[in-house]
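Each of the two complexes below includes subunit A, the first together with subunit B, the second together with subunit C.
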Partner chain A sequence: MSSILNALMDIVGEDYASDRYEELFTYSKDLGTSEPQWPEYVVAPKRVEEVQKIVYLANKEKVAIVPLGGGLTLAGLALPLKGGIIIDMKRMDQIIEVNEQARYIVVEGGISHGAITAYLHKQHPHLMHSEPGAPPAATVAGNIAIHGQGDLAHPYGFNTDMINGLEVVLPTGEIARFGSCAVGSGWYTMHPLPDLGFFLGWNGTTGIITKVSLRLFPYKKIREMDVFSVIDEELVPEILYELSHLGLSEDLITTSAAIPPMMNRIHNTSIIIAGDYEEEIEFKRHMIFDVTLAKYIHSGVGGIGAVSMERARPTISKSADWKKGGGFEYVGSIMPVSSYPECYRRGAEISEKHDIPYTVLGRVIGCCHAMMFSWFYAFNRADPETVRHAREALHETDEMVMEINGTIWKPAVFGQKLMMDRMDRTTLQLMKKVKDLLDPNGIMNPGNWEVK
Partner chain B sequence: MYKLNFNEEMCFACKTQDCLVRCQHLDIDQNTARAEMEKIINGEDSFVLHDCVTCYACEEYCPHGNHPFYLIVQRQDELGISPLPEPLVKRGIQTGIPFRGEPEISEIKGTALNMGVFSNLMDHVQGKLFEGLPIMSHDPRKMFHYFCQLMYLHYGKTSLINERLVNILETIAAHKATELIQFHDECYGTYTSYAPAFGIEVPFKSIHLFDYLYHKLLELKDDIKPLNFKVAYQRPCSSRLSPDMHPYVGKIFDLIGVEQVKREYVDENALCCGATILGQKKEGSRRYCVEIQKKNIEDMKKAGAEICVFNCPACMQTLGMPVSKNGIMPLFMSDLCRLAIGEKIA
Partner chain C sequence: MNLDEYKYKDLIHRCFRCGYCKFPTHWDDVTNCPSYARFRMESYSNGGRLWLIYAWLTGEIPWSEHLTQILYTCTSCKSCVEKCPLSFNEDIVNMTVAAKAAMVEMGRLPNLVKKFFQNVQLYGNPYGIDAQKRSDWMNGMPVESYGGQEYLYYVGCEGAYDTRAQKAARATAQLLIDGGVSFGVLGNEELCDGNEVDMMGEEALLENLATRNIQQFSDLGVKNIITLSPHAYNVFKNKYPEFGGHFNVYHSTQIFADLVKAGRLSLPDKSGARITFHDPCFLGRWNDEYTAPRKVIKAVKGADFIEMDRSKKGALCCGGGGGNFYTDFLGGSEESPARIRVREARDAKADILAVACPNCLTMLEDAAKAEGLDDQLKVMDIAEIFCQV
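The block that comes next holds the complex of A and B.
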């Protein structure tokens, strides 16, 4: 047995560290098109002090460490590109505090969004957090490490805009806190202290997020999904703009897909509304359909696709099964809402070129301040040719995003390079300086956001 | 090219114009009704073509069985007058396109139950009432091959129905069943009313689900324990195409010991569920839909209904939740019958 494995077992106990082939096999995989990348060890800490010791060990041994949450990015962001130790954070899943009055929850970074939702539903039924469209197993720290968005993106922005405090194990092993918790005042605000935001969106290359204070929001008793449909994609930006001006929706998502046929070349905007009373809900429906969108309905270019539907999580992953083989990966981007028509058209062209039924989705972030637009490419896991097509389509889409002045969201290494090639040189050098300062041995998730 | 069998002379000679005069949704006197029907017969535009909510009821109101509703829809189609906005029409048309392979055709001897486009509702055709009955269209992936297409009457598209129905009939005929119990009123109406009206040949006999349930319950009479519920029945639009089957509702209720509550909106005066009105182009359609749904449910409550019985899945989808929020349990007729013979329902 290697000395590193022995040391890891000393830290977390022998049940939670391994170099066994079958366990490393699992951690070598990503659900998307990435090639397997093998770690040498996997370790699952329970306490922040254990994380700290693992980081000290990695620095001493000059071995790479890759923090892993739910492993659901599909872009291979938690694959050990340079081997080393995978730190599986999912055992750090405790809820530390809920402040009902101040509407925040303090959790360990490895807790899943599904667990938070379930807990709040049971213990604090008047509160909710912004749960991402990913499966419920997505972890809180993993999601903010990629600047995720959730089902409250329209009113409140990115999930990283909803953070009241952080605890991070730095790449050199120190434990640092950010926000009011850093001055011992509780976990209720990130401001007004000087901004040290070097951890959000860094894919775990600048530290390991171990605690998070998330803002909570009112959870209304009634929640429904209404749908508004148009054929002309050029109408989508103005419809989203008008709905965001009205400001009555919790979430606005427009989708279109070649399959099922009922979605083909039609743009369906899901409008999520919530209220404590039926009268409140009916008032919102009235303002949305009878007032704001009435002109589209009467002129025949827009239609009420559905009302009073149970709110459904995005079921885009189903697109993986329309053909065969169950695989899919997507490119996400952050775009102006006005780019929806071009994003849709260009994406449909790329899909057609690679014989993949097109599937696209745009979610409004903030009051139409931006949109997360994504293009989904299905492939058959058992057919290397379809995997190749999907990979090429993903790369072409990354390039297209850059070409139309978008920003790739949670880019894979290919997309990171495209962005860094175009990045302002001063900004790029600052990224390098920050990284070198925080991680002098270059051990944190190497290969990601790597400035040469 | 199929031609609607509509007797113009009979319509011109009609003494009542009940088709339009009795319409629940348009306020039309007899003279106006006569004049507008004349326009429609002559292929001219009429406000009726724009304001019709497509509730099917005029098919039942016509005292001559002369298919005024099919004529209205055919004229909407010919004149390009769609009750629904373009995206809903496109979506609706595309909904009926099969996309998950061809159905497996197995030969069926005699009688089968046709689920049509509701293969995902197999939970509602279980137990003794359906024991031993072969099922056609049991696979949700393939159900669009059995979609009767009649829904497109709501879309002003008789041409689409006629174009697609031929293939659907070929698929069904390939199973060689001689009799089909139609799970949905819409299928029954297609094969017993719409197809004959357009001269489309149907190579099998259709049995209405209620007709089947009633006779099956008679066979199982010893198992029936009166349920003693007070029930309201939500009549679907397509039942207007087979008013001769409507009396089975009362006969089944009598047989299983439930009391059909006395209501204003019942039988010929029944209100539609509103599903199709909701999305129509005409100004105020959504509010009107909400209004008639409210009137309908208030009427059920006032009459003391404990259960609202559905046959149409679309009505159930539209009104099921609102009635339950008003303290009335929504149930499919088949499930109510199963309860009466002591079975548990899903």
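The block that comes next holds the complex of A and C.
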């Protein structure tokens, strides 16, 4: 047994550290098209002190460490590109505090979003957090490490805009806190202290997020999804703009997909509304359909697709399984809402070229300040040819995003390079300085956001 | 073994490893897969297992003892099936069972698994105890041998041999007597039912056991069977028909529920007690029976019935299924599923943790002792709440 494995076992216990082939295999792959990247060790700490000791060990041994949450980025962002130790953070899953009055929850970074939702439903049924548009096994720290978004994105923005405090184990092993918790006065705000935003969206390359204070929001008793459909994609931006001006919805998401046929070439905007009273819901429906969208209905270019549907939690969609092969990956990009038509058309072309039924989705972030637009590419894990097609489609989509002035969301290494090639040189060098300062041994998830 | 010979060759690669399979009904935690709860590495989750099996079958990874151990930590509790959002979810537990079968075919198994099979083959029980001791559980009880009574009371290996489970077997027999049920037992002629053998992938041994049991039941004219164990209930009800054995099968709690309804049992007084119930996987998720045991418990006088956070379809397995009550691959830790489960019962402020399975009984009672809860939390078979013999 290697000295590193021995040391890891001393830190976390024998059961939670491994260098066995089966564990290394499992952690060498994620759900997307990335080639396997093999770690040398896997470790699953329970306490922040254990994380700290693992980081000290990694620095001493000059071995890479890669923190892993739910492992659901699809883009290979928690695959060990340069070997080393995978730190599976999911044992750090405790709820530490809920402050009802100040509407926040403090959790350990490895907790799943599903568990938070379940806890709030049971213990604080009038509060909710933003669960990302991902399976419920997605973790809080993993999601903010990639600037995730989800429920309530329309009124409140990215999930990283909904944070009140952080605890991070730095790449050199010290533990640092950010926000009001840093001055010992609770976990209720990230402001007004000087901005040290070195951790959100960095894919775990600048530290390991161990505690997070998330903002909570009112959870209304009634919640429904209404759908408005148009054929002309050019109408989508103005419809979203008008709905965001109205400001009555919790989420605005437009989708279009080749399959099923009723969705093909049709753009369905899901409008999530909520209220504590039926009258409130009625009023919102009235304002949305009878007032704001009435002109599209009366002119025959749009119609009500559905009203009062149950708002289902995110699940594996049928489109992910088109190839019946347990594989799909998508490119997400942050775009102006006005880009929807071009995003849709170009995405459909790429899909057709690679014989993948197209599926696209645009989620409004903030008050139409941006949109997360995504292109889904399913593949059959057992058929290398479909994997190749999906990978090529992803790369072509990354390039297309750059071409139309978008920014790639949670880019894989290929997309990161495209972004860094175009990035302002001063910004790029600042990224490098920050990284070198925080991580002098270059051990944190190396290969990601790596400035040469 | 290669992929072409594997029963689920057209399905197994379709697992996304999305992680839904780790959750219970209400999404409370990612630990509803007992082996993942115990080890907390992705390789032990259902998705991880399916990816490993696929990689093994396609030659991407070699066979190893650790691989077999990962497979045999699966208790076949079927929790993963409940939350998997994909169209083939019913098969995801069977995919692991089929992979175990492939390993059996190769003869490359963990020693404890081999020993389990050998004991069943040689002694008719996994413990390796003399078949002539099988009827010891009923010593001193007025239990008749089966000879045309309305029901055969099938006790099963745990109830017959495990000293703790024997008490449940006796209490069950006594309640059947008290309720005026016409039944008999097979005594030393009883043979392992084969449910665990099935879940552990030994198809030939299952066929052997099923054929012999069916022959014996048929020769004796058995039409109705009451089982102590939900494991026996499951295999008799769902698997024996494949071998030509068609019987009316009842779990003991289903009979008790009828007896309670008919007023044929005297109801115990447990004033002030707080009773919770641990759903056995092979009664609940495998056979959708959640009502009968609750009806019986709710008939107890003066007691409060409380549900644990994870119950019914979302109940956490005790960790004993798939032969793990014998191999104990999930034991030895505070995070062993049985220990997690008794902590949940404690958190529900229960003072009686009622069970309806001899496997669960022994697993959870041992766990309560390990947690130091045995003074405050009694683990009891439902029959034992009514009478102790």
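Methods note: the second predicted complex is superposed on the first by the 446 of 452 C-alpha atoms of A that agree within 3 Å, B and C clash if a C-alpha of one lies under 4 Å from a C-alpha of the other, contacts with A are read in each partner's own complex, and residues count from 1 in each chain.
Everything that follows uses one rule, which is that a residue touches a chain if its C-beta (ideal position, glycine included) is under 8 Å from a C-beta of that chain, and two chains touch if they have at least 3 such contacts.
Computed from a predicted structure; not experimentally measured.
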(message) In the overlaid three-chain picture, which partner chain does A:Asp290 touch, first (subunit B) or second (subunit C), both, or neither?
(response) first
(request) Look at the residues of subunit A and decide whether subunit B or subunit C touches more of them. (result) C
(request) Scan A:Pro136 for contacts with subunit B and subunit C and give back first, second, both or neither. (result) second
(message) Once chain A of both complexes is superposed, is A:Ala44 in touch with subunit B (first), subunit C (second), both, or neither?
(response) second
(request) For A:Asp15, select first, second, both or neither according to whether it touches subunit B, subunit C, the two together, or no partner. (result) second
(message) Contacts for A:Ala382 in the overlay, against subunit B (first) and subunit C (second): which applies, first, second, both or neither?
(response) second
(request) Enumerate the residues of subunit A that count as touching subunit B in its complex and touching subunit C in the other. (result) none
(message) Residue numbers of subunit C touching subunit A in their complex, please.
(response) 13-20, 22-23, 26-30, 38-43, 48, 51-52, 55, 60-62, 64, 66-67, 70, 85-87, 309, 333, 335
(message) Can you tell me which positions in subunit A touch subunit C when the two form their complex?
(response) 15-16, 18, 20-23, 25-27, 29, 31, 42, 44, 70-72, 88, 90-91, 93, 112, 114-115, 117-119, 121-122, 135-137, 315-316, 320-321, 324-328, 380-382
(message) Help me check something: in the complex, which residues belonging to subunit B touch subunit A?
(response) 82, 84-88, 90-92, 94-95, 97, 99, 278-279, 281-287, 290, 321-322, 325
(message) Show me the residue ranges of subunit A that touch subunit B in the complex, using the header's touch definition.
(response) 229-231, 259-266, 278, 282, 285-286, 289-290, 294, 296-298, 300-305, 307-308, 322
